[in-house]
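Here come two complexes built around chain A, the first alongside chain B, the second alongside chain C.
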Partner chain A sequence: MEQILQHLINGLVLGGTYALLGIGLTLIFGLMNVVNFAHGEFYTLGAYTAFAALALAGAGFFVAIAGAIVVGAVLGALCERLLLRPLRGESIDTTMLVMIGVWIAMQNAELLGWGGVAKTIPHPFPTAPFTVGPLSVAPLRVFVFVSALALIAAAHLLIQRTRLGCAMRATFQDRDTAALMGVRIDRIHTATFAFGSALAAAAGALLGPVFLVYPSMGDLASLKAFSVVILGGLGNLAGATLGGLVLGVAEELGAGYVSSGYRDAVGFVIIILVLLFRPSGLFARAERIG
Partner chain B sequence: MIVLARAALAVALVTVPLWLPSSYHLHVLIMAGIFVILASSLNLLLGYTGLLSLGHAAFFGIGAYTSALLALKLDWSFWLALPAAAILAGLAGWAIGRLALKLRGAYFVLVTISFAGVISLISTNWMDLTNGPLGLPGVPAPELGPWSLRTKTAYYYLVLAAAAVAYLVCARLVRSRIGRAFLALRENEPLAESVGVDSTHYLVLATVVSAAMAGVAGSLYAHYTRFISPEVFLFSYTVTMVIMVVAGGKGTLAGPVVGAVLFTILPEALREATSWQWQMLAYGVLLVLLVFFLPRGIVPGLQRLRARRAP
Partner chain C sequence: MSTRWLSTLLLIVGAGFMLVAPGSAQSPGTLKIGVIEPLSGPVAASGNYVRMGAEIARDWINARGGVEGRKIDLLIEDNKSDPKEAASAAEKLIVRDKVPAIMGAWGSSMTLAAMPKLEEYGVPMVVETSSAASITKRGNPWIFRISPPSEMEALGLEQYVDKLGVKKADFLAVNTDWGRGSIQAFGDMLKKKGVQVGAAEFMEQAATDMNAQLTKIKQTGGDTLFLTTAVEQITLVLKQGQEQRLQRKVVTTGGSSSPTQLIKQAGPAAEGSYHIVFFMPWFPEAMPDAKLAKAFVDEWAKRGHPFEGLTEGFRGHDGIATIAEAVKLAGKDDPKAIRDALWRVNFTGVNGPVKFEKDGPAGKESGQSKPSIFIVQIRDAKVVLPEFMAKR
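Take a look at the complex of A and B:
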């Protein structure tokens, strides 16, 4: 029983960041119809930006995380403006190939710039865990989980309560009608990609101190993000949030009770099963944003 | 003109081991031949039925492991292990085809990625069978009667023959009634079904043939390098195949061949020019540029150029 609770706690902490990754990807996937294989690279970018700010520029921990979010958003906007906008209207295969190219280029640029040796990000939290009875959790992980939830809440507010969010929802539902109503589709796409990339970078900056930072860390992050998107349903923010938490817990239970070698298989099996039996996602009545 | 060019190409292909400066160059050509088979097999799906499989490395790896394990554990000869590899990979393709019937576009892509991911994790974790990440060393070289095909020259001819067969199989298939059904499904599935094309039947058929061909390539690879590890399932293999097909020209017979040869030689040439990190970086940038400036691929691009010149 205690063991299950401990797994649940670990799973939720992990799941919070999966949800962040998934929300970014589900927005890009749902609204722009781009299969963004470079999503995990923005996660890596966030981790390296935080590392650079902390270790090289001597910035504070929280400044470093905020910096990672800003860098993620700027590079995401650039990427959309330069690469995806000229290809609007091309098939989904074409944009996907471009994003695969971006993924390879970014990952190897990181390898070139930082080398293949894994880096650790220092953090100001005490290492002694909080303990409640037999359960324990590191303060850093609590911070990661709380920050992830705060960012998720901010994303929900942005989509539901702001003019930009309203325009994004309109674009998702019917691009042509939205354009006729005066929504500037180009800007919405740039904003969406920047926003999604910023969330991925935030996830990287938050998880960076928990794990190690290395150039290929984004590969698994991409696959987890795809599992979350599939689990939650395309373009479904609430679904992606729940999906992230479910995936985190499922992985933790799988690693605990089946075999730790198959931890990463949980996400793949979830993708296959959900697509076969509930293609619109576990939590969706209909595919929609919001 | 065209006949002459073709004859020159055939002569060049057959005599290549005689005038190449080093066995390293021959090695690059053998890898190119294996990738010709892989790219052609992927092209059957991506180019002719429009289904993008991003799990193609799984079929390649299944072929490699089947062939290597049969040769190592049961002492099967290469000539029996090769068809066995094709059959097992084809079976896996059948399973994926049946499972993914209702899925199209991005969802089909994700199922194939996940399938490859699961297979790759199994190959890493099933220590008793696959020896895990340590891999399987000592896969025997094929033998033909009294001769061993251990030398690069002999293996080059084996791969050349296999690639030629793969090309001919694709050509026959694509130009047959079946190939026309593939194209009809790619262009407009509801319309094709309305005139009696059974989409289930043809899409499963395409997946099975494609997977079996990839399995053959895997077997050839295993008996050539004589060592395999879970790295055969690496996603970068799949990405390389996709780049070859799209850059060469999907939906054309020559496209994947051109793409495979070009994109096997290019990284090697870049390796000589620069360090390996720059090489992969350049690879990524090149892919982006290719999609921008030659979105339909090299072969269709050349065809259009020729059509424009001769009005």
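Take a look at the complex of A and C:
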């Protein structure tokens, strides 16, 4: 009993971070129809930015996370402005190939700049876990989980409750009509991509101290983000959130009760089942953005 | 304005050619040696350290006048921590670069993937790191291993099992040929010693969250955790074990734990852990060839390489030194002649004596050297000899 509770706690905490990775990706896909293969690289970028700010520049922990979000947003905006804007209206395959190029270029730039040796990000939280009976969870993980949920809620509010969010939704329902209503399409695209990238960078900065920072860390993150997006339904923000939690718990229980050697397989078996039986995602009935 | 642009362009193109020129116009006198290491991907740190060690061996040998008057030229390929890439790297080195011998490929799965290419083209490979038993058991007569297989490590540890106080052991290993082989080898040895064996858990090479495995291991009530993976994952397991209050003696196997890096990155979580290593840069005087070991540690520091890389870096030195020795004995750089000469190699590297014995099915034996094996402990944020060894 205590074992299953511990597994559930582990799974939820892990799932929260999957959800954070997933919503950035699903946002960009849902709003812009761009399959962002470089998503994991913005995650890596966030982690390295936090590392640079903390370990090299001596900034505070929370300043470093904020810095990573800003750098992620700026680079995301640049990426959209320079690479995606000229390709607007091209087929989804074209932008996908461009983003694969960005992925390879960013990862190799990180390898060149930082080297292959993993780095650790120091954090101010105590290493002794919170314990209730036999259950335990590290304070840092609780912070990451809460931050992830807060960021997800902020993203939701931004899209549903602000003028910018309204303009975003309008643009992707019908670009021409939105333009006639005075929405500045170019700005909306840049803002969307910057926002999605900032979320990925935030995930990297939050998870960097939990795990290790190395150039290929984004590959696993991308894989999980795509899994979450497929689970939740493409472009579905609430679906991605729940999908992340489902994936985290499923992996944890699979590793705990089936076999730890097949941990990642558990996630993919679920994705195959979802694609077979509910191809538009587990939570397809929830509101779609696109 | 436009002429200035043009001249700038010409200058850049010209500079580009100058950069390319020395590489493409290789003097016929160099001795080419192929190196396949994971220079990127999850175990990149280890692969890069091995490369640095290989470069030291190259520079030392070249400074002494090379092999039979020929300078060594290392052709280094990145296998990206991926078995598929290891096989294509081997093919590229052999077919395109025409190297007569290769050192590689760090991970057991990567080495195993490259092995059929060696047999196909008839080129020997000195295996510097891989631990899976199957590498020398498959009947590939082009394989010469200077690192210990897991069985040899397990035997090396056997005499200390009682002193370590192991009563019930659990295993956590990377889900590769190395990890699976290691659990088998150490499990067999411990069972023979009458030690109870609890959970045997696996993690993917790129996995970062091991909480599920640790939660499961926590339930077995064992006293010792045998951990087999590279330093990156060892760091994560130690940190996450601390978060879960997992109270175990930890013994890492495979020699890729880099205790100094663990002290830096895992901090207090690494306290008290034991590590099987094949080089002790903290006390080079205790190595079989103390002078060579000291010189290697000094050269490493002089080049500004991080100290924590030494426990991997020596592998690169010994691997290249082995190949250079074989070429010297062969008197030419023909792959088959080098292979035959490898059987006659007998010298002392940083780890200790290198001399190959036959292993595997009769008629198609691979070479297996008997390297030195050491156990160190992290105590008070320092690497020390465990008490039971220091008292000897």
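Criterion: the second predicted complex is superposed on the first by the 287 of 290 C-alpha atoms of A that agree within 3 Å, B and C clash if a C-alpha of one lies under 4 Å from a C-alpha of the other, contacts with A are read in each partner's own complex, and residues count from 1 in each chain.
Assume a residue touches a chain if its C-beta (ideal position, glycine included) is under 8 Å from a C-beta of that chain, and two chains touch if they have at least 3 such contacts.
Keep in mind that this is a model prediction, so the values were computed, not measured.
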Chain C versus chain B on the shared chain A, clash or fit after superposition: clash
Contacts of A:Pro129 with chain B and chain C, given as first, second, both or neither: second
First (chain B), second (chain C), both or neither touched by A:Leu111: both
Which of chain B and chain C A:Ile271 touches, first, second, both or neither: first
Touched partner set for A:Asp219, first chain B, second chain C, both or neither: both
Touched partner set for A:Gly261, first chain B, second chain C, both or neither: both
First, second, both or neither for A:Ile230, with chain B first and chain C second: first
First (chain B), second (chain C), both or neither touched by A:Phe211: second
Listed stretches 77-85, 95-103, 221-229 or 275-283 of chain B, narrowed to the one that overlaps chain C: 221-229
Intersection of chain A interface sets (partners chain B, chain C): 111, 219, 259, 261, 264
Chain A - residues contacting chain C, complex: 3, 6-7, 10-11, 14, 111, 115-118, 120, 127, 129, 131, 136-138, 141, 211-212, 214-217, 219-220, 251-253, 255-256, 259-261, 263-264
Touching residues (chain side chain C, partner chain A) in the complex: 39-42, 44-45, 47-48, 81, 175, 201-204, 206-209, 211-213, 215-216, 219, 232, 235-236, 239, 242-245, 264-265, 267-269, 306
Chain A partner contacts - residues on chain B that touch it in the complex: 46, 52, 99-100, 102-103, 105-107, 109-111, 113-115, 117-118, 121, 124-125, 235, 239, 242-243, 246, 277-278, 280-281, 283-288, 291-292, 295
Contact set on chain A toward chain B in their complex: 29, 35, 83, 86-87, 90, 92-94, 96-98, 100-109, 111-112, 219, 223, 226, 230, 259, 261-262, 264-265, 267-269, 271-272, 275-276, 279
